[in-house]
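Read through the structure below, which is laid out as structure tokens, and then see the notes.
When the chains are written out, they are named A, B, C, D, E, F, G and H in that same order, and each has its own residue count from 1.
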Amino acid sequence: KTRRKKYDAQDNFSVMLKRRVILFQQELDTKHDKYERLVKISRDVTIESKRTIFLLHRVTTVPDAEDVLNEADIKLDGVRQKIGQIAEELKGEDIYQFHRAFTPGIQEYVEAVSFLHYIRHRCLISLEEINARLVFMNTEKADPKVLTFQVTSSDYLLGVADLTGELMRMCISSVGNGDIDTPFQLSQFLRQIHDGFSYIGNTGPYEVSKKLHTLRQSLGKVEDACYTLRVRGSEIPKHMLADVFSSRTTLIDPEEGVV
Amino acid sequence: MSVTEMFSYIQGFLSADQDIREDIRKVVQTLEQTAREILTVLQSVHQPSGFKEIPSKCAKARELFCTVRTQIAELKTKFPMEQYYRFHEHWRFVLQRLAFLAAFVVYLESESLVKREEVAQILGIEVVREKGFHLDVEDYLAGVLIMASELSRLAVNSVTAGDYNRPLRISNFINELDSGFRLLNLKNDPLRKRYDGLKYDVKKIEEVVYDLSIRGLAKEPEAAGEK
Amino acid sequence: KTRRKKYDAQDNFSVMLKRRVILFQQELDTKHDKYERLVKISRDVTIESKRTIFLLHRVTTVPDAEDVLNEADIKLDGVRQKIGQIAEELKGEDIYQFHRAFTPGIQEYVEAVSFLHYIRHRCLISLEEINARLVFMNTEKADPKVLTFQVTSSDYLLGVADLTGELMRMCISSVGNGDIDTPFQLSQFLRQIHDGFSYIGNTGPYEVSKKLHTLRQSLGKVEDACYTLRVRGSEIPKHMLADVFSSRTTLIDPEEGVV
Amino acid sequence: MSVTEMFSYIQGFLSADQDIREDIRKVVQTLEQTAREILTVLQSVHQPSGFKEIPSKCAKARELFCTVRTQIAELKTKFPMEQYYRFHEHWRFVLQRLAFLAAFVVYLESESLVKREEVAQILGIEVVREKGFHLDVEDYLAGVLIMASELSRLAVNSVTAGDYNRPLRISNFINELDSGFRLLNLKNDPLRKRYDGLKYDVKKIEEVVYDLSIRGLAKEPEAAGEK
Amino acid sequence: MSVTEMFSYIQGFLSADQDIREDIRKVVQTLEQTAREILTVLQSVHQPSGFKEIPSKCAKARELFCTVRTQIAELKTKFPMEQYYRFHEHWRFVLQRLAFLAAFVVYLESESLVKREEVAQILGIEVVREKGFHLDVEDYLAGVLIMASELSRLAVNSVTAGDYNRPLRISNFINELDSGFRLLNLKNDPLRKRYDGLKYDVKKIEEVVYDLSIRGLAKEPEAAGEK
Amino acid sequence: MSVTEMFSYIQGFLSADQDIREDIRKVVQTLEQTAREILTVLQSVHQPSGFKEIPSKCAKARELFCTVRTQIAELKTKFPMEQYYRFHEHWRFVLQRLAFLAAFVVYLESESLVKREEVAQILGIEVVREKGFHLDVEDYLAGVLIMASELSRLAVNSVTAGDYNRPLRISNFINELDSGFRLLNLKNDPLRKRYDGLKYDVKKIEEVVYDLSIRGLAKEPEAAGEK
Amino acid sequence: MSVTEMFSYIQGFLSADQDIREDIRKVVQTLEQTAREILTVLQSVHQPSGFKEIPSKCAKARELFCTVRTQIAELKTKFPMEQYYRFHEHWRFVLQRLAFLAAFVVYLESESLVKREEVAQILGIEVVREKGFHLDVEDYLAGVLIMASELSRLAVNSVTAGDYNRPLRISNFINELDSGFRLLNLKNDPLRKRYDGLKYDVKKIEEVVYDLSIRGLAKEPEAAGEK
Amino acid sequence: MSVTEMFSYIQGFLSADQDIREDIRKVVQTLEQTAREILTVLQSVHQPSGFKEIPSKCAKARELFCTVRTQIAELKTKFPMEQYYRFHEHWRFVLQRLAFLAAFVVYLESESLVKREEVAQILGIEVVREKGFHLDVEDYLAGVLIMASELSRLAVNSVTAGDYNRPLRISNFINELDSGFRLLNLKNDPLRKRYDGLKYDVKKIEEVVYDLSIRGLAKEPEAAGEK
């Protein structure tokens, strides 16, 4: 009889433990599943942001830049919708718990959106401006609520660090297209970003330090391009230079403009 | 806002972050110190003489947990609570150690498995993330697994100290624990690695029980269940 | 007039080039999109296979192993359906073109299915047996067709290499459960696999060599466990040993059997 | 089937695979040798004296492409065609070089951009994967990009050789190419890196044209288009 | 002395050491902050507008070096001076950066190579190890090499800003530096690696001078030669 | 002073440094040789026959420590004493080995924990840094931890040699050592890593004692407890 | 001689070198295949059933060594013998494996340490470099160390197979080996790293002997001591 | 022979080897010193003033090569000649530098490509391996490639110094070199990597020639063509 009882107690322990473990399992599974969904959305964000960046590089050659910018805006709206899905997943969560799942996508989005912003406004988009556009309406009709997504300063920095690579590409393309102003503008802007990063130095996130080398290389390429423009331009007075270029443009395409 | 201003602004964020981390690190150091003290108190149960003193040692440890609670209260003031996981790495290690110590005290006192709620209460923290500084499932489970390995050591030292019943009780307890953990699907993460260790603890205790069995030293099995 | 004509020619070149480029873009996009879809399916395959492996480890403790094995079979049916999706994606493709996208998932599936097979039949599943179960019916009702998926020998090897880790875990658990036969069986089986891998040596895929170290460690753990069983068992005659164990079992759970 | 048999069986697969790779490597080496010879032939166009000889050099190169076709035919016999991508890495490098050389010959002959179909034909291979040993889009594009960089070098050397028109024609050609490539979305892969190089080629040629313009040496722009 | 006493006593040692290191780390952080500020000031010389402002920028940097001296003075109080090498790793990096910044300021002011004594003076430290906190030869040389690479950038940007003489002066300076370094027998250490970078700086600057020469923009070669 | 003169002067510094390091390396090699000889002498205690010979082996080791003292005296002449930490890396490894050997000899002679002062004396060096070539706390502790792992081996081999009491004494000793170390607040450095190994030694020895206990071979537990 | 001629001539050299290496690689591959086969044969001694078959397995291995000798004879014909060190890297790995296998066979047959001369003889090569294709001391030692770790595994598996004497003999053997190695002054090279692993093998085997001793299973300790 | 004897004997081998390496290292250091001196002498050709002094600088370098020969003669005495490849790594780096310096001197003197025989003669070594300490083809080629990159620098600096013909001559020379190398079938080794750098040198020099051409500064193209 006593033995019987003992094993009941034992069973209780066992049963209770199992009940608890099943709860733990649910908690863990919920977390893992959410993590997995976030990884997948983040991959989509990355891909679409990259495509937007490619699209934006066309801006230096097409006749109407505004078309490209608007198209990029539309593409980024799509990306923002995806980020809305991330925000939805993170509703009520501590976002840092899942940060590793979506940080690659968000960095790529920062890169794309800041590239678009630079082309349009010739200045660096701020973290606030980025976050201001990441406000979403909850889709549940029963309870419409505002959702926001906050890009962290470290994701912002990492995205901006990558932006410099795109700016460098844009600079080289500009020179190739006979545009002599953009490279100088870009070199000043890039230098400012470079100086900004060296001001931050090693107080920033670890990944930034790894990207600094590439940033420095990009700056070097842009500075070299400007140097070449200047040194070649030195052989002819400035006012003549303009003539040469306008005649070059005419020469290539008098009626339809540069394709 | 100029680029320079923007970077100064961001730098502000980064400095604030570094300061928070520095503050957290300091409190965590005091926590580690206390954890080491509790461990030293509880380690004595492995000594031949230590078995009789279990109750007093547990009481002593319970006292030290007061200090832990004060230190964790201090820790909570160092960062915004919604950003728990931002700084999690700083205290994860010590929190698992503390969960282990809490679990060990409770086991020594009542030979039962501490609940996550109890650990939280002993440490003066929450179970549910929404309510504040809390104990993650993973950290709770890690603490329990560290205890399992301490129990396998205890089983060995019980025999040395001449207590031949304790290993059997530990064996039952740890077997239950093992079948509980078997229900979990863990990712390839640190917890899984620790859980792999549990298998060795179970094996070790099984070997002790076997050693006792073949020598007819495992006399009072019913007693094991009663406690 | 001549100039006009020239630019027409030029435009033709340009227009033709663009038409071609758009075709290239479609080709590239199709490929990238497929790759991305395969990566996502592969992640699902990995997760579900891992869960199956966890489930299978319960086999050493539950009263009716067959239940667990059947449940695992059902889970793996789900995984196979996913692999069916992979096969669907690869229909008419050169599978090696996308191999990197799905190899992690397939390796994990090999690990899971060979683990189940070992538990059921105590032998190593062959590559043929694995592939025999990866035959799918095309879901299109218009044109029902048989689809197959072929696991490569390198994915098979890598999956089997990982299997050894699970076998080691199973061995240690068995000892903990007082099972004295399984560890010896497992050690012989593991030794055979180990010898097999050392026979293959460095002629196998590069990743295998990286896994050999872990394999050797697992074998060491299993051999140590068997050693301990033997050395402790040496203190009591074999026939007494059986008594000890049966009495232990009774002692722990006289009525319900080991939980 | 015993474990040992199973591994012997797999070992069979692996050996077969190694043998195939060994065979492929050997043929690829001969291909590389021929590619180097074609390059040597075509390199002479950079020499001041080389400009007049372009037609004869192209003819010479065309002849060597016969050898290439034979060698590729040999290569095709070395592995099952459906497994093209299994061994792709072995010939990818040389195939891109050959695509470049084909593109360069075609450019030198007609100042036009070679089509993927033409390259395939010159190399004696297919365009569509299903039909057999084929030329991947990426490999075709890589070949074209290598040519772009060769053309920027050619623009420079044309000036040295006193031919002031060629750079303008190259400039137009390369600008078209650039705007074509701009329509492509490339992943972060080797092709994208190569495409980044194109920007530098465009820039370099632009600089040459600029140098000619300011000196009034770029006399006959219409001629450039006519050719 | 019991084991416990002994270890308590040892803990005293360890704590003292850890406290010193903590203190050093904090001061070094402020030093790094100031160094970064000086860098930001000096980097503006690369901007087109920055060339006229060199004197004012140097003055600004000189002011910030006052802060550096105060911070280093603070640093000196944190540990017994004979243990310089015990804690060297903590400040080696920032000291090399500061040596670079001092060398850069001196170069911008007077276009001459800073002496180790001058660097020491600017930083408020000693040259001779026996006299106190000093500047190791290796750290001085590392600073000079960092400057060399900054100067190659400056040569490029000078041209962009329309200053065609500066590159020639930089070229002479860097050549002299190069011959200086060639006198040294460097081991395979970090310094050697840095020195290997110098040849790229030399080459880069030579190419700038070349570009100016061929365009007749290198106005005063005689002056440059005289220096 | 011209740049050339300056660099020639600097080369003087560098050469001197390299010569010192070369000299140090040579003496350190002889020290390593002697350390290996002492180890060989002491290793014999693990042999079944070795237990009786402990006193004579210790005496032999003590003799060899004379050589060590001579060699360290030689080492001291190779560099200015205030630069101990500059060259510390060269002898740190062998010094820790020697501290281990000294601790092992003392343990074998008296079953007590060697004091840092004793190690210093055996090696003919100082404890206090200010007084000259000294033994850093960290190096002393490293030596002690190496000994701990040697003792776990000794416990095992004692049983093999039929000495069933020694493991109990070792167990007490190692437990005391373990509590001592738990008083220390070690950073995440090599020492911490070594200390993490100590718990395996403790566990191993506990298992030896367990094996003896369960077989009734641990005769004098009271005696062990008294210590 | 024109540049072209010169380079053609040089290409002759390079081709010859590449051909030699290609030839060597092929023979080495066959050697590796045979080595793996011998390994497979010898590894069966770890199986419980394998212990009785040791003689037959050794005989089988000896036969396979005939193949090895033929293959090495083949290898020798592939390059001029004075250039042994030029191509050493190609066969170093397999030679160490073969030295291990030879040492293992000899140990299994006679429980003695194979001499370098014996290994050389088994492999059909020389000991003295001057005489031809030889076995470097380092490669011989590496082979012996690989065997040591195989023996620690064998000690464990002997017990599993019920052979309680073998571990004692292995223990004596490995201790002797260990003292032998302690006579060597190894540099910080791969061999040194391998040697560092030996102490784990020694410890492992000592623990096996311990397990047997405490259970009274080590029957002939005297015999073991005599050896 | 007992195990101990065997290992003592082996230690003899190891010591001998270490001694040889130490001796080699020392001589190689003196060689590196001389190589640096020769480099310093030859570097002056890059200076505007240096062009006239080429003959005297070459003479000076030739003198220093006497020292090199003496040092290499010393090196030869340090090891048995058949073991050249055993110790090759020790001097490979400096030998390539010396080959470069010899090639550079010869180029400056006669604007021709040094032959391997000549380099060997200048360094006082052999061409044919069998005859003694020799110059490997690979090392000769590496030296030539280092020179190529030095020549691209020289082309740039010639223009700065107002010598507009030299770049054309260099261009012809380097083109010839490039076709020479294209005859070689290089493996994926360090030499191949170095060779990949050659195309940048070729391109750089072409751009210099371009700059001269477009400005009508390339006076004597016919002369250049004739060569």
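Just so we're on the same page, a residue touches a chain if its C-beta (ideal position, glycine included) is under 8 Å from a C-beta of that chain, and two chains touch if they have at least 3 such contacts.
This one's a predicted model, so the numbers in the text were calculated from it and none came from an experiment.
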For chain D, the least number of touch steps when starting out from chain A: 1
Minimum number of chain-to-chain contact steps, chain G to chain H: 1
Furthest chain, CA centroid comparison against chain H: B
Pair joined by more contacting C-beta pairs (B-F or A-B): A-B
Centre distance in Å when chain B and chain G are each reduced to the mean of their C-alpha atoms: 48
Distance from chain G to chain F - Cα centre to Cα centre, in angstrom: 34
Rounded Å distance, chain E centre to chain G centre (Cα mean): 54
Whole-Å gap separating chain B and chain C, where each centre is the average of the chain's CA atoms: 34
Sequence positions of chain A contacting 2 or more other chains: 3, 7, 14, 32, 195, 199-200, 235, 259
Multi-chain contact residues (two or more partners), chain G: 179, 183, 185
Chains grouped in pairs wherever the two touch, ordered by label: A-B, A-C, A-D, A-E, B-C, B-F, C-D, C-G, D-H, E-F, E-H, F-G, G-H
Residues of chain C that touch chain A when the two form their complex: 3, 7, 11, 14, 32, 36, 39-40, 43, 47, 253-256, 259
Residues of chain D defined as touching chain A within the complex: 172, 175, 178-179, 182-188, 196, 199-200, 202-203, 205-207, 209-211, 213-214, 221
Residue ranges of chain C touching chain D (in the complex, touch as defined): 2-3, 6-7, 9-10, 13-14, 17-18, 20-22, 24-25, 27-29, 32, 92, 94, 96-97, 99, 123-124, 126-127, 153, 156-157, 189, 192-193, 195-197, 199-200, 203-204
Chain C - residues contacting chain G, complex: 184, 187-188, 191, 194-195, 198-202, 220, 223-224, 226-227, 230-231, 234-235
Touching residues (chain side chain C, partner chain B) in the complex: 50-51, 54-55, 57-58, 61, 169, 172-173, 175-178, 225, 228, 232, 235-236, 240-241, 244, 247-248, 251-252, 259
